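In what comes next, chain A is part of two complexes: it sits with chain B in the first one and with chain C in the second one.
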Partner chain A sequence: MKNVMSNKTAIVLYVLPSLLLVLFLIYIPIVLTGYYGLMDWSGVGQMKFIGLENYKKLIHDKLFWESTWHSVLLAIFSVLSLVGYLIVSLVLASKIKGANLFRKIYIIPMLMSSVAIAQLWIKIFDPMNGLINSLLSMFGIKDTPLWLADPDMALYAIFVPIVWQYAGFYIIIIYAALINVPQELIEAARIDGANAFQIAYKIKVPLISGVLKVLTILAVVGSLKYFDLIYVMTGGGPGHATEVIASYMYKEAFGKFNFGYGSAIGFGLLIISMGTTWMIQKMLRTNKE
Partner chain B sequence: MKGKSGSRSEHQSPLRRIGMGILYFVLVIVALVQLYPLVWLFQLSLKTNQEVFGMSPFALPKSPRWENYINAWFDGGINKYFLNSVWYTVVAVLLTLILASFVTFALTRMEWKLKGVVLALFMIAYMIPLHSTLIPLFNIYNKINLIDNPVSIILSYTTFNLPITIMILLGFYQSLPREIEEAAVIDGCSIHKIFFRITLPMTVPILSTTAIINMIYNWNEFVFVNTFISSEKWKTITVGVNNFVGQYLTDWGAIGATLVISILPILIVYLFLSDRIIEGLVAGSVKG
Partner chain C sequence: MKKKALTLLVLFTLMIGFALSGCSSSSESASGDKSGDGKIHLKFMHDWPKGSSTAYYNLVEEIIKDYEAKNPNVVIDVEVLNPDQYRDKLKVLAASNELPDVGLTWSNGFAEPYATGGQFAPLDDIIEKEFKDQFVPGTAESYSFNGKFYALPMEMNITYIFYNKEIFKKYGLQEPKNFEDLKNIGKTLAKNGIIPATVGSKDGWPASMWFMYLADRIGGPTILTDVIHGKVKMSDPAIVKAAKEIQNLVDMGFFVKGNTAFSNDDAKGYFLNEKAAMFLTATWELPNFTTSPDVPKEFKEKVGYFKFPLYEGGKGTDVNSYVGGPGLGAFVAENSKHKEQAKDFAAFLVKEWGKRSVEGAGILPATKVNTEGLDVPEMYLDVLNDINNATNITTWFDTQASPNVSELHHDLMTALFGKQVTPEEFAKQHDEALAEEAKK
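Presenting the complex of A and B:
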């Protein structure tokens, strides 16, 4: 029996193709990103080794830190909105009739591409003919905002479609965790005189803390990597008001053909997102003990 | 005690009813916020420019302008993008499923030394941000002449979806009873026969879930195609729609129509398989 299940040729045949793909298209590129960062290179022609110049430049690049700050802001907003998703999920899971239908409606935007969402919300935010400003004028508001065209507002405006896109996703996951909370615990607390809020806060939320932690990591790391929607909606503008790490990298590499410096930014993105994942995991673990 | 709480929920107090009313109100508002933009998009896709720019955006189109769809599909070249998306998606999903099944089978059923290392490699790959690989990937594809070639897209889709697909499959394989496979081994079945004839058919439920998730990812993918493809003839619907909007800036009706066309396939699948899709989304997130 052991012989069949430890058939070496079969193992190589089954594992090697996938392993090679992942090595050549994920791991080697990751190493190369760091390596290209040491080069002065326009993408075509010869690379010129310039040591740590690009990385030194990166550390002093105001625009890079500004982009990082925007990514961090998006991460903070995303984590804060988890509270809202949790509340909606708690409501959904409180034996509501039609909970299943609500859940199915909430997730719909998640099925769309970020590009389609971006194009749709460009129209919704349109200062003249958009949905939001028309609504505001109906309520008699005259100085309607410019939204995406206003540097002070664009980043906040962009966060609206982000919430719209992901709300349903977070809600179904929290909901799935909530309906698995043992009914006996809730019953027992109710008998002890706990009200709905106490049950939610003291019993349900602690019991699903594992899922909430995973979602926190997901929200933070997802935000740090955010690209498609912002690239399509504003291209990082106006000015650099909505520039994030990935969009800055993309524009440096594929817009200005600074492949060397772009790679350095890409490496920065890798360090920041892996480092943050590790940090949050550690923070949440010590919190528990 | 139990009887008491049961009777309480049957004869609801007025206070409880108001409470329930507020809860429903919250849920309905959220549902409206999630749905109305799409309803609005559909209305927009049937409007003339006079209706878009001269009237309230809430107004319904007087007579639906289906020509917007015909124009977008034929003149805007959406038909070409759409077909590309279909075949890239199908090929990549099939490749991912078969490769991931092979790996998961080897990881959960077979005996070998480097199992732990290989599993870790796939798990860590899942956490690596795709954008950090983009410049080297471009260079690698460029060197082997795969830039502006659909092969680069299919390879990228397959590779980047492998880790998550393997992780979803792992859970299922681990919960699957091994008795039938063990019996087959005793009967002298070859390893390939066991995999293709016994194990693979048993995983059909989870395969369909992962297929749908992969399909959604691939259909909606943007950055690979935008970076590796330059010819119109190889572009997918997501990138095509984006270009279309750039070219037909002021024709909101046609833009609306292209957006609806790009969303429609997934929405139709969702209509029939919503439970599967939700299950897949949950599995894909929490395991990772």
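Presenting the complex of A and C:
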């Protein structure tokens, strides 16, 4: 092993495949996306160079900003739900009965494929025979909401399964972090007379703040580029009520065959994601100091 | 240690080499006729895999066997792909001038770049010689560009309002004679808590069928085709009126609640489960209403259909004018090495397909079918007779339109059914997109 580590050729050889893979599959496509954004291109046939036309159009495109707003809303919801996950994890980590079982229950949605989740929730939201509306009409409510078919409600309705889908993932990570908080600190605090709430707020949370920071960034970036459930459940509709950046990009590129403009949207999404990540990092850093 | 690194390097290059040679060997077989057995090898590509389109697959296999038996010097090399892969592969093969000798193509917008780009061979001679008056009117035209025909149509669908006879009987309803009747049926059913009609307007295209028919009945059978060709504007009063009628239907509760969140399959469920009385859809659903073993027999016996009723005072005065369209057609590659033989095979395929597809697979061909002595459910016979008597078949608006306009059309249809746009706004947005397209 030592021999290998001191041999530069071997190191290069080991690093090279993954480096090439990342380069060819991630970084070069990113550059190409930016480049295609400069073109008028239908995906097949001749590309036409049109300079910054697509990007100019993007800035004035109401639909793009509307879908960006929807993505941002999703990001806000995801971050807010982190607070809920934190509470759940704190409870699970405090050695209550059945914590093990609950942990498994929370992780199960993670194991389902997005399309299965989408089908499940389409049935739940069904305005005629759906679970929710059947329940509501059981209680005598006549004018049951249309959920996904109502343009004013669809966006918030679809946030529910999206947030639900990733709950297990976040809970497990926070839980793992909490388990690693040294028991001595907690015991010391208890001897000093701290109650459970104080222990959680003053000791546990600060100690796992690194993990929480990473999760915040994951939640925000994941929300901004979110696509699956929206695509399967509403396709961005009704109208464009649930359109997010990624679904709008998909529609432009693969639905309308505007690969040039679709690429410009993709590049815009990249810039927005990088910008927000940088902003969050900066914000969280100043908070700590 | 250096030696080991070298071995790894060699291994790595070998792996890449294998991967690349894998690609090249498959493209070699794509060009065909290199086996040196003195026979003519024709490459044929279709997108009906054995697993998911068994009936189609078997029928094609049968026809190929017969062709090879008739022409012992010809061997047909078949390549089968899934529809999505098929689309992509066709693109790639066309880019490298290696299209199969014979293959399948979709109509209108899909075929256009291949036809005008000189990839497909014009088939006017074959059509003139072998298919004179054989195709259902309007089908071959869907593959025609610049006055030449580029494919032999194989599939054909038209749309009807299918309805549940039992529900109609229960409430004393008759098949409607005109649009006013249809509305009254809707009123009666809605009053009794039955969903009058189901539609999957999330997908856009099922909703568009209602719109296309109303435009046909109010503005005349050519109006939507004229819109595509820029002769008429979408803001024509007749079309705006059609859009208004849709919203009138929505207001009176004619369509299933929440349909803007339903896909076509979701909507179909309401009809199959007898929760909705009517379903406007195309004849590709016929197996579900007749032969499919997955649908209970009791339900199949309850299904009837009627033609979209006429609109009082409308310009479309013929109930035999349909909305519909062709599906796949057979093309011959322009740079095929055995073009004549390929044309001969394509003609044989389409002809035999026309003879056997109804009985063999429950598919309606684009060639006229002689219904005499045909052993199929009665509904098929009725539909085939209707097709033979059709005066006009307007190809789906979204198939005729460019991808850009088509996508917008789907969005706007959903919005129209969800009352997110007014009929005027609906027309205006179409016109803007069409005008932009015309500039290109």
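Going forward, the second predicted complex is superposed on the first by the 275 of 289 C-alpha atoms of A that agree within 3 Å, B and C clash if a C-alpha of one lies under 4 Å from a C-alpha of the other, contacts with A are read in each partner's own complex, and residues count from 1 in each chain.
Everything that follows uses one rule, which is that a contact is a pair of C-beta atoms (placed from the backbone, for glycine too) under 8 Å apart; a residue touches a chain by one contact, two chains touch by 3 or more.
These figures come from a predicted structure and were not determined experimentally.
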Which of chain B and chain C A:I59 touches, first, second, both or neither: neither
Touching partner for A:I179 - first (chain B), second (chain C), both, neither: neither
First (chain B), second (chain C), both or neither touched by A:L80: neither
Touching partner for A:T234 - first (chain B), second (chain C), both, neither: second
Chain B versus chain C as contact partner of A:W147, first or second or both or neither: second
Which of chain B and chain C A:M283 touches, first, second, both or neither: neither
Greater residue coverage of chain A in the superposed arrangement, chain B or chain C: B
Chain B versus chain C as contact partner of A:S263, first or second or both or neither: first
Partner chain(s) touched by A:G255 [first = chain B, second = chain C, both, neither]: second
On chain A, positions contacted by chain B and by chain C: 4, 7, 10, 13, 17, 128
Partner chain A, residues of chain B touching it in the complex: 1-2, 5, 23-24, 26-27, 30-31, 33-35, 37-38, 40-41, 44, 52-53, 56-58, 99-100, 102-103, 105-106, 109-112, 118, 121-122, 125, 127-140, 155-156, 158-160, 162-163, 166, 182, 185-186, 189-192, 194-195, 216, 219-223, 227, 238-239, 241-242, 245, 252, 255-256, 259, 262-263, 266-267, 270, 274, 277-278, 281-282, 285-286, 288
Chain A - residues contacting chain C, complex: 3-4, 7, 9-10, 13, 17, 44-45, 122, 125-128, 146-149, 151, 154, 233-235, 237-241, 251, 255-258
Partner chain A, residues of chain C touching it in the complex: 1-2, 4-5, 8-9, 12, 91, 95, 113, 195, 202-203, 256-262, 266, 270, 275, 403-404, 407-408, 411, 414-415, 418, 420-421
Chain B-touching residues of chain A, taken from the complex the two chains share: 1-2, 4-8, 10-11, 13-15, 17-19, 21-30, 32-33, 36, 43, 88, 91-92, 94, 96, 102-116, 119-121, 123-124, 128-131, 134, 164, 167-169, 172-173, 176, 187, 190-191, 211, 214-215, 218, 221, 224-225, 227-228, 232, 246, 249-250, 253-254, 259, 262-263, 266-267, 269-270, 273-274, 277
